[in-house]
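Sharing a structure here in structure tokens format.
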Amino acid sequence: MSGSACGVGGMSERYRVGVLGATGLVGQRLVSHLEDHPWFQVVALAASDRSVGLSYREAARWSLPVDAPPRLWDQKVRACRPDELKECDFVLSALTSQVAREVERAFAGAGFAVISNSSAHRQAPDVPLLVPEVNADHLAMVESQRRGSGGGFIVTNPNCSVAGLIMALAPLHRAFGVRRLVVSTLQALSGAGTDGPRALELVDNVVPWIPGEEEKFEQETRKMLGSVEGGKFIPADMRVSAHCHRVATLDGHLQAVSVELASKATVQQASRVLSEFRGDVAELELPSSPERPILVLEEPDRPQPRLDRDRGDGMSVVVGRLRTCPVFNLRFELLVHNAVRGAAGAASLNAELLAAREMLPRRPAR
Amino acid sequence: MSGSACGVGGMSERYRVGVLGATGLVGQRLVSHLEDHPWFQVVALAASDRSVGLSYREAARWSLPVDAPPRLWDQKVRACRPDELKECDFVLSALTSQVAREVERAFAGAGFAVISNSSAHRQAPDVPLLVPEVNADHLAMVESQRRGSGGGFIVTNPNCSVAGLIMALAPLHRAFGVRRLVVSTLQALSGAGTDGPRALELVDNVVPWIPGEEEKFEQETRKMLGSVEGGKFIPADMRVSAHCHRVATLDGHLQAVSVELASKATVQQASRVLSEFRGDVAELELPSSPERPILVLEEPDRPQPRLDRDRGDGMSVVVGRLRTCPVFNLRFELLVHNAVRGAAGAASLNAELLAAREMLPRRPAR
Amino acid sequence: MSGSACGVGGMSERYRVGVLGATGLVGQRLVSHLEDHPWFQVVALAASDRSVGLSYREAARWSLPVDAPPRLWDQKVRACRPDELKECDFVLSALTSQVAREVERAFAGAGFAVISNSSAHRQAPDVPLLVPEVNADHLAMVESQRRGSGGGFIVTNPNCSVAGLIMALAPLHRAFGVRRLVVSTLQALSGAGTDGPRALELVDNVVPWIPGEEEKFEQETRKMLGSVEGGKFIPADMRVSAHCHRVATLDGHLQAVSVELASKATVQQASRVLSEFRGDVAELELPSSPERPILVLEEPDRPQPRLDRDRGDGMSVVVGRLRTCPVFNLRFELLVHNAVRGAAGAASLNAELLAAREMLPRRPAR
Amino acid sequence: MSGSACGVGGMSERYRVGVLGATGLVGQRLVSHLEDHPWFQVVALAASDRSVGLSYREAARWSLPVDAPPRLWDQKVRACRPDELKECDFVLSALTSQVAREVERAFAGAGFAVISNSSAHRQAPDVPLLVPEVNADHLAMVESQRRGSGGGFIVTNPNCSVAGLIMALAPLHRAFGVRRLVVSTLQALSGAGTDGPRALELVDNVVPWIPGEEEKFEQETRKMLGSVEGGKFIPADMRVSAHCHRVATLDGHLQAVSVELASKATVQQASRVLSEFRGDVAELELPSSPERPILVLEEPDRPQPRLDRDRGDGMSVVVGRLRTCPVFNLRFELLVHNAVRGAAGAASLNAELLAAREMLPRRPAR
């Protein structure tokens, strides 16, 4: 992490963070990612009823190769209710969509800032779908939420695949205008969580369908690349067609993209625009920000999930095979670490942006 | 196999076939596929110098779950020279491209019909790139070859991936006109032959590059869907953009396709056109012809390589997830058994068409 | 299948069979295996409450590369109660152990012959753990069951791994006496059924534990190689130590065995004893009997699950790498198709033995 | 790494190290492992003729998820000849056995200390097969080598699987006496190097044979647990039977072990002896030494290769499922990171022991 403890204007004390859905794959990533965080400290773990009352050790089937923080190993898992997490300044949510819908609203209603990885509220008319490098200006929508909820609000990050694509589209859209694109994905198993496909389904096989995923590509891309005008989201005028596949990789969603630009760009121009992209908030030096949001590789057979997903500690999106497209203008391969840049790291980065912008109130009296 | 021994007008005796490149993966598939063939019998096995003089048992690292024909197990492997295969009526070639270039010309020059799976001569100006259901009329070009070579000629089948795509494109092109398409593939390991990627490269990984493959999509598609006029191939006016990936499946190339049509088609119209396609030579009932060249599945998560690649004994191309495309008109998933419909079965079927059309001379005096 | 319709002394009509647990992996294998059976015909499909009333198509997530029998595709799934399967002559059970315990007793109590693949009753004092080639004499115990239950009875086959090991142990034990053995397994995913491990657990990984499996090796081996005396099972005096692993193969349990013999045997002697083994009921030519129950391979790197599991249509156990053991006398590798010889084929073969011995009453009046 | 730059009594300058076989998998691991080493610095990269003259970037197909040291990326690869590595204090060899036989003798003859991972000289009568925690006293044999070779000598580490087993056997042997053992392995792909099995061989498959591996278990174990008396190795009196399998994991050799002890031990006693083992040279605090050479896990389904191979930075051997054995006394599962504790880390640790014992001369005049 690149940030320092004094990154937030002389912060004297770390924010107290509650994690909702702490026992799932993204929850584990969040707990692990935040353990040495300069600004935040996890103080409460919450999950579904099945886990409540158990120790975190018992409730989580820990599945990362790095150990869980010993400090939290014996902490009791709590229910996902605002009164159970009173001492938290804000909550990070890794809940599944079905559960998130009500729970996140309840926390926001109780005055919490809810920084969520769930898809439940991504399309809500006042909820930003936020990637700091791409659309930090969408935070303007937080105010209208706050007025309605006593100070609480919800901010979400995009789908784990879209989180990768958007990083490459943003600079191309700004420089050349993106009109249409066809994207085909090879998505990793961790994207499906602990209830993902059985091994029997994925050995010597590929599943060419991920329910709801293709629709998210189209909707989330347009919302994020759109503008906020008069307190409303105006989606970008752009057409997206996605083909989504589940393959037997552990982490890292690979995507093959063909894109039509309004102003033609050469491969060299596009490569430069991508490599030089630093995003809108680079000067804040947020702790989870990678030095370079996009890495462009020259080797003909890269990016590859296992070899490239951890670049920039999993926060850099990796682009390769940038070449002309016989049908549109450009085509390329793109890799995003779905569990980091696409989930735990994305939510952390959003919380960091809110903290740096002083939009994260210290909640309880101290 | 659907054909019978009398399929070729009272054929009294099976053709004597030599297999070039008999020890590789496609060679093994050919030998296995032809073992109970009603019209053909393998009588000679030829391979590279490394194998010459060894028994077939020693030379082939047999890798199919079905046993090699015991009859051939102890036969000596011969050199790939016309004088070594004198007793053969014709040869089927499963040679690698580099070797095939000269060897196949030598056999054609010596009066052999060479039915090849190799890519060496696919783009030659007088060599048909043949799929019986799609462009049987391209056989017209065989005559011009014959005049130049004392009776011998070369006929090829397309690349193992293109062999699948072309089957779906042909009926769509005839019915609606195909203008542009973007295709992204997830290709199986057997497509790379016995010298394919190491396990270390493909566990928990995908390789987003197959050298030369994307170019073949563009070139072969246009040649096959084009016409023969005045003794020349006129390629179809069509643009194709391909993204090729190698994944850890054993057999079966999966392809995600977005296609732009000249006349718009509904999903229902396209589905009917695909399902009802029987191709140009259905009435010949060639032994390796599947009952239905294209199967359209309705389940939302199909086709899947392991579950669907063997349909029609590996000769049916399987289409699924036919749906509208937000960018073009249609999109769908397509699966082809690369080693059967895309290689050994393709070459066999081409030989059968030639036999049925009486274009396969009985070579040596008997 | 080697049997013929008249195999059971002029059988005029096929037995009517009900399958309990028809929707699971073993159930699907049974339905598929029996479709062209000369003696048996599946007429009723039963499963858990969740499936009752659905069509078989809806209830089974069909996962075999061969299609389900169209004849049964739309049949309604019934409850696992004797009154629901009145028209059946006998039932084959592929239920999970927990469910099987009561359900199978209920069917036996209602006069049904229950031929089960479940582990629920394998250790019951009057239930034969039957492999026709190995211990057909254990059928003697069926009589004592019948007396207690109005004609019904239960016969089981062993655990899917033990089903392989026992085949090699039986001839070695008869010829040389087996005293002790250490076995280490690499077991396929299908052995864990449709609720088996997640893909996330098995990619780039092995799980060195299968709950309850190691105990089954010890108990079942001793029971099957033991004798029946005075209406009781006397287990064989033998010590077995098993180490069980789950690996990412689809079908085929591989086992590394070191065995101590009472009379020393050379590799040649052991090889001959294994190769020549035909079992106790070869003269019955049961339809599911492989020509050779044990195949001994000479290649140094075999058997391999993918290449060898289908030998003898999955009913032959394959032994390889037979060599001396520095610690005991012999060591070897062994492969069994867990879903065929270890489950569906095993139960079918047991039913066939009972039919051939005229121990399968035609149940309902006709 | 736990050591510090002053670990070797006020060392003022790091040793200059040459790596033989720097382009292979173990060579890459060595280069990567040593990059931040407190005592050693890689200054020369040597490899086979094919690579000589190329940059390291061109010659190595870098296959680790961490980047190669930029400092070495453009260095020219040299030939494996003593006169090409004159400025090195000693060499680490990751050569294949065939090449190592002559090359390593040449370097030793020219006065170099050769710390080798190759199997070429492991059984030589004056070459220690060294694991610092286990048999540091075997270094006594170095003197007899030195006398014969002008100061140069060879020290080797064991086979990558045996390196794991020996760590568990050493404390058990000291405490209880190991008489016999049967071990079955599930070995990772990286153990076979860059020329390992094709993906086509290992998808949905296991290969039950690794040429030469089982013999190494027997020979190396006995040599390492034996003694040095009168300038000779006296092998331990112990019988070992190994069954070796290659499975589709990337790193981490899993082993199932049944062991017979001279004095019986309870599971608790054995667990304590293993957990408390620190080895013979713990007080030296060598940089590559893990805090605990053996970790004993209590969870019933561990160790697992992907989750546990990196413990102790890959230098801790992980034991689990310690339980009684019905045939011998104890059985357990054991995991070793084959590429670290079994190769690159093993060689580094040996070099560190030699440095700490002041047996590594600074070679060239400075």
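Lettered A, B, C and D in written order, each chain numbered from 1.
We adopt the following convention: a contact is a pair of C-beta atoms (placed from the backbone, for glycine too) under 8 Å apart; a residue touches a chain by one contact, two chains touch by 3 or more.
For clarity, every value in this text was computed on a predicted model and none was experimentally measured.
Novice: Of all chains present, which has the mean Cα position farthest from that of chain B?
Specialist: The chain lying farthest from chain B is D.
Novice: So which has more C-beta pairs touching, B-D or A-B?
Specialist: Here the pair linked by more C-beta pairs in contact is A-B.
Novice: Report the inter-chain centroid distance for chain A and chain B in whole angstrom, where each centroid is the mean of the CA atoms.
Specialist: That pair's centroid distance is 44 Å.
Novice: In whole angstrom, how far does the Cα centroid of chain A sit from the Cα centroid of chain D?
Specialist: 41
Novice: In whole angstrom, what separates the CA-based centres of chain B and chain D?
Specialist: 49
Novice: Could you tell me which residues belong to chain A and also touch two or more other chains?
Specialist: Chain A, residues with two or more chain partners: 63, 203-204, 248-250, 306-307.
Novice: Tell me, which parts of chain C touch chain A in their complex?
Specialist: 63, 189-190, 192, 194-204, 248-250
Novice: Report the residues of chain C in contact with chain D in the complex, numbered from low to high.
Specialist: 180-182, 184, 186, 203-209, 211, 218, 239-241, 243, 245, 247-250, 254, 256, 258, 300-307, 320-321, 325-328, 331, 333
Novice: Write out the stretch or stretches of chain B touching chain C in their complex.
Specialist: 63-65, 203-204, 250, 306-310
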